[in-house]
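There are two complexes below, and they share subunit A, which is joined by subunit B in the first and by subunit C in the second.
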Partner chain A sequence: MSPRGHRRNGVVRSYTATGGRAAPSRTSLDEATLLIADPKLPLAGLQAQAYRVMDLCLPGVLSVSEVAHHLRLPGAVTKVVVSGLVDSGHLVARAPFTPTADQHDEDFLRRVLHGLQQL
Partner chain B sequence: MIEHVVAEVLLSSGLAAACGALVVRTRGRNAAVRARRTAEDEVVKARIEAARDLEKAQLRFAQDTEELRRQITVNAEWYQTALEETRHLVGQRLPAALDAEARSGSDAVVPGLLHPLLKGTPFEELHQAAEDLLREALQSTRAGVGRAARAGVRGMADEAQAFLTRLQIKIDEELDRHPAASAYHQSLIDIDHVATRSLHAVQRLRILTGSWPGTQRADCTFREIVESARGRIGPYDRVEHTYLPEVGELFVEGRVVEPIVVALTELLANATDYSSDPVGVYVQRVQAGYRIVVEDTGLGMNHFQRTAAERMLAHRAVFDVTTLEDERRLGFAVIGRLTHDYGFRVDVSAPSAGGGVKAVLVVPDDLMSRSAAEAPSPPAAREAPSAPPAGPLGVPGVPGVPGLPDTAGLPDTVGLPGALAGSAAGAAPTAGSASAEHTGHPGPAEADLPLTTVLGLPKRQPKDPRAAPRPSSPSQEALTDSGDPAALAEGFEQMRRALSAGYGDSDTDPGGRLPS
Partner chain C sequence: MDSNSSDRRYVPDRARSVKVLVLGPFAVGKTTFVGTVSEIRPMRTEERMTRAGELVDDLGGLRGKVTTTVAMDFGRVTLADDIVLYLFGAPGQPRFHRMVRSLMEGALGGLVLVDTRRIAESFDAIDLLESAGLPYTVAVNHFDGAPRYDDAALRDALTMADDRPLVWLDARTRASAKQGLISLVTDILSRPRPEPAR
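Now for the complex of A and B:
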């Protein structure tokens, strides 16, 4: 694929993915929320974008913002799609890892920084 | 006696003479009578002759008169005919020609000569010449006016389209700017629908004026094409898109994406306009390409409408303002122009099982994206870290391949799951045999990290964010706890490799990377 300045973002408009709704059914999702697909539930009957989300999440864990990137939809819109899937049990939403204690452990942060610098 | 004799002689001679004379006289008289008879005969003959001549002359005269009279009548008829023919030319023929020219493509019949009498005469030629002149004048005027009008419309459409496209981009930016959903988002989305429909209206207008759709897209999947078209009509929620991942994720060449979307939009608009029931859309593999089928359960088209639609679909001419007709046929005209220019096909003649219209848009194989077709080597193979399948879900180490054979060739779409799954697997404690290259940063942090499940994924967090307080600083994005700093370092290393493999050759824009 070579966009070469040609737009692919915005081909699909937000409201088609959400059926015109802008508010997600659950407010607990944010960009970093991790999504884990339940492989047991059938995908037939899902809307195209929701189906695609499931296809993206089935091989591994994805975050909401990654899903948004793949769908080429704004994050707020992706959340509507994703929360619908969470409601139907297709996806399990998991809050991203956060150390509950010692939140500002300097050494940990340093290691993160180091790891990032390696990228 | 003598006397007697003499007398006798005299008498006899006299008698003889008298007899002779009598004979002579009689003869003479006879001759005269005969002559007179002859003469009389002659006279009679002559008279008869004369009478006959007279008769002949009279006859000839009468004939001549008759001839002349006929000629006069014929001339009068000619005059009348020529007058009527000219009247017909001005009164019927030229207006009909005018009409036919003004509404090109209509079935207005232009009458020919009124009187067959004039066939082959100079009248026929001259009248034809007059009609031709009129047509020519009309055509050239129309062409000029049409060209100017189209250029004007195109210019305006260009401008409107540019603004509306910017509006769409702006709406997307705004939607992206504020992550939390709000009433503002709802308004934006509602505005977006109106903006998108306006954009489509502008596009169909410019296409009818002989222009291209005005937007060049990157290669897009069938899913995106159908969803995009769905979004451009009013009742998009009545369109039931049956998404099949094996065809839905195939890429169509960017050059034809927008034309196909516009044509499909017209088909969907037609289907939803003429039926209040749901309209089905699905993509199918066919002999030499793929087809997008739009099926409604409306009243369908009668023979006349179908013929008209097919004629519009086959119409290649550029339309101008004077040929714009009613809404339904206009849609087919838009499609007709696009199919002609871009090489896909649209067919509305197939019978629909539901009794409505079944419209089929065929995308031949040569309009499918080349890059998607000839890059079957899964990039997942090289980016997949040598990690065991991770997680309680049985997430495979090599993403994309088992569930998504169709996306295997698309680095853009599989790179991220691969990277993430890889890092998740790599950071898991199961990858115990860690290399020692990053052990220079040992730390006690792991002791403080939350507990993990037996299988190495973090314990489920409460879904309510209030229950799981998050730091105000950017959240650390480790997927799992690591019991071992070396494993953590190894995890980072694997993530780095996976990311560079995932992003290395793709042109993904930096906007959608991992949350960091």
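Now for the complex of A and C:
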């Protein structure tokens, strides 16, 4: 059984925060997804909330939840704005780690464990 | 921690995130746990929900339908120069189940906090994690004056499977709180891995 695959059930969509796009392709945005801004894309023409997100993300990497916190936006609204920026290429989304059978993943988990032990 | 050192706001460029949920009833110590482990001042986001438990992702149009605002605490701790752990403390009330289920997606696992004075109030969190098939550890957050049962009695009261880890901790100190996370990750490492996708 996979916990994935029914993401974003129960989200009420509307046009208001999305700037009128009917169906943004926010496929795998997670609260813990890290956002990496592309400094080469122009900010001109971005809506106010999208501009604020870029302003926050250009200096460094942050998670979706931190963006919501710093900009005092509800989490679900933040996901909509961020998804638009991922679609336009302004942001690259790096999803949180979930383990597979891959040896690399086991090594990663061992490093997670080691990091916790060092705390 | 201090707000003018703006570089501390950001995580390392190469970082991969890991998400762990901290669940349990009201006042069991979720916010305390997140704050103890977090390297930065704990943060919060809020969600607005309709009566039907749907998240509202709209800044304007649905105001009349919104009945609840729910705050979610989260914290962050850097575990390596390319690993950042995010902890999310999720509210326990049934009306937030839908939100918690969506929070469980993409999570490595969950920590269920238990207060021995009201063990049954943690059933709900365990059920949610089990139905999502997510690994979890049960952590008794020991409060002064609360009963100390032995592990077997506690497992029995929680109807916990024998293979689920159970730890005792104090959410107020990092050295103790981290044992819950160590237990969770140790358990995940000991499990048979799912087959890689082809």
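Methods note: the second predicted complex is superposed on the first by the 72 of 119 C-alpha atoms of A that agree within 3 Å, B and C clash if a C-alpha of one lies under 4 Å from a C-alpha of the other, contacts with A are read in each partner's own complex, and residues count from 1 in each chain.
Definition applied: a residue touches a chain if its C-beta (ideal position, glycine included) is under 8 Å from a C-beta of that chain, and two chains touch if they have at least 3 such contacts.
What you see is a predicted model; the values in this text were computed from it and never measured.
Peer 1: Of the partners subunit B and subunit C, which touch A:Pro59 in the superposed model: first, second, both, neither?
Peer 2: Both partners.
Peer 1: Contact-wise, after the overlay, does A:Phe97 reach subunit B, subunit C, both or neither (first, second, both, neither)?
Peer 2: both
Peer 1: Quick check on the superposed pair: does A:Ala76 touch subunit B, subunit C, both, or neither? Answer first, second, both or neither.
Peer 2: In the superposition, A:Ala76 contacts both subunit B and subunit C.
Peer 1: State whether subunit B or subunit C is in contact with more residues of subunit A in the superposed arrangement.
Peer 2: Between subunit B and subunit C, the winner on subunit A residue contacts is B.
Peer 1: Please indicate which partner A:Ala48 is in contact with in the superposed arrangement: first for subunit B, second for subunit C, both, or neither.
Peer 2: first
Peer 1: Counting contacts the way the document defines them, which residues of subunit A are shared by the two interfaces, the one with subunit B and the one with subunit C?
Peer 2: 1-4, 6-17, 28, 30-32, 34, 36, 49, 59-63, 65-66, 68-70, 74-77, 79-80, 94-102, 105, 108-112, 114-116, 118-119
Peer 1: Can you name the residues of subunit A that touch subunit C in the complex?
Peer 2: 1-4, 6-17, 28, 30-34, 36, 49, 59-63, 65-66, 68-70, 73-80, 94-102, 105-106, 108-119
Peer 1: Quick one: which bits of subunit A touch subunit B in the complex? Just the residue numbers, please.
Peer 2: Residues of subunit A touching subunit B: 1-4, 6-24, 26-28, 30-32, 34, 36-39, 43, 46-49, 51-52, 55-63, 65-66, 68-70, 72, 74-77, 79-80, 92-105, 107-112, 114-116, 118-119.
Peer 1: Using the touch definition up top, name the residues of subunit B that touch subunit A in the complex.
Peer 2: 168-169, 171-172, 175-176, 178-182, 185-186, 188-190, 192-193, 196, 215-220, 223-228, 230-232, 236-237, 241, 243, 245, 248-249, 251, 254, 257, 261, 369, 371-372, 391, 393-396, 399-404, 407, 410, 412-413, 416-418, 420-421, 424, 438, 441, 443-445, 448-450, 458, 460-465, 468-471, 473, 475-481, 485, 488-489, 492-493, 495-496, 499-500, 506-508, 511-516
Peer 1: Applying the document's contact rule, which stretches of subunit C touch subunit A when the two form their complex?
Peer 2: Residues in contact with subunit A: 6-7, 9-13, 15-19, 37, 43-48, 50, 52-62, 65, 72, 74, 76-80, 83-86, 88, 98, 101-108, 132-134, 174-175, 178, 181-182, 185-186, 188-189, 193-197.
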